[in-house]
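Going in written order, the chains are labelled A, B and C, and every chain counts its residues from 1.
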């Protein structure tokens, strides 16, 4: 099998800023729509963004966004654009998207399984992440 | 074809900080010099950096650069080092470098085709990005 | 050879924040434990973090970490968790991990070979980086 449509895409989500979560959600939805399995591995501040009861919180933007960026993102919200978590839910409906929390980051943030939003499918270590990634692309966001 | 020299390199440019744009330009020029096709996909604040009439603006550095970093980058400028946009122009002259604006980010920033610096070759969606990336590496900057 | 265990993993370390260095060290150790060669290419502020005599300095976190993040990382330190540089040393003991400083970034930061912590194996240019990366994944952190 060397068909690129069959290779999984693995995203390591590290950053919890709203703009990067949006970018990650769009990259996920696009790959899922093309029939590619997508594995998402949640680390650090991205994991914090998937805390149960807080997945719809407004999160900060990257510092470089500036006031212009804030206004642009606010305009998207006002226009009823899907949020990053809604985009991920949709991606899971149309394709094969697996979201795993990094076990080491769970320890760092003192989170346990019940602290995770139901969109998260499980908890895994780095070794499992690499095994699932296989030969596919790995993107750190 | 499994020759790595033939696989495209795809860079998703998200960040509009000068240091990351420089890093991206150097990675682009290096791959182009080795004969690899390079696809650049402009999102969010990186897209903003390619706005016509503003591509030579000084842009902020990553917050972690600090005063030391500012001085280092200033020293490079004073020494006549190529800017990131000049490096990209050069990379296009020596190799196959295609720069595309992400259509969703165009909407976010309310930009249209005439707002893009001529170094940008076109506008595409996420699906086209993945098709062009094929089995090659994808790097998010 | 198309066995994914044999493909190298290449990490471009750009960011010098402690959280991203930790994430990079964990990804390195995990890949090394699976028998994959890991190539690390140090650029910009990550290179600064490998300055001799300063590799154990406490470094800033990403801005988005906030006070909560500072406390989480402090808790890990207090619990005797390995630092990122200790994790890299361990990864080099169990696997094949090669750490190279980017020659252009050496110029930017006005560093010479003797300014590099001994954990760094050498200095190379972008072309050498791509040749060593081959068809393996490239991850920018």
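Odds and ends about this structure:
The rule is simple: a contact is a pair of C-beta atoms (placed from the backbone, for glycine too) under 8 Å apart; a residue touches a chain by one contact, two chains touch by 3 or more.
What you see is a predicted model; the values in this text were computed from it and never measured.
Looking at which positions face the partner, subunit A and subunit C present mostly different ones, since fewer than half of the interface numbers are shared.
Rotation angle relating subunit B to subunit C: 120°, from a CA superposition, given to the nearest 5. Remark: subunit A and subunit C have CA centroids separated by 23 Å (rounded to whole angstrom). Multi-chain contact residues of subunit A (touching two or more other chains) are listed as 62-63, 137, 139-140.
Listing the residues of subunit B that touch subunit A in their complex gives 12, 14-17, 43-45, 48, 60, 62-63, 104, 108-110, 125-127, 129-131, 133-135, 137-140. Interface residues of subunit B facing subunit C in the complex, by the touch rule stated above, are 2, 4, 7, 9, 19-20, 23, 26-27, 29-31, 33-34, 36, 62-65, 68-69, 72-73, 75-76, 137, 139-141.
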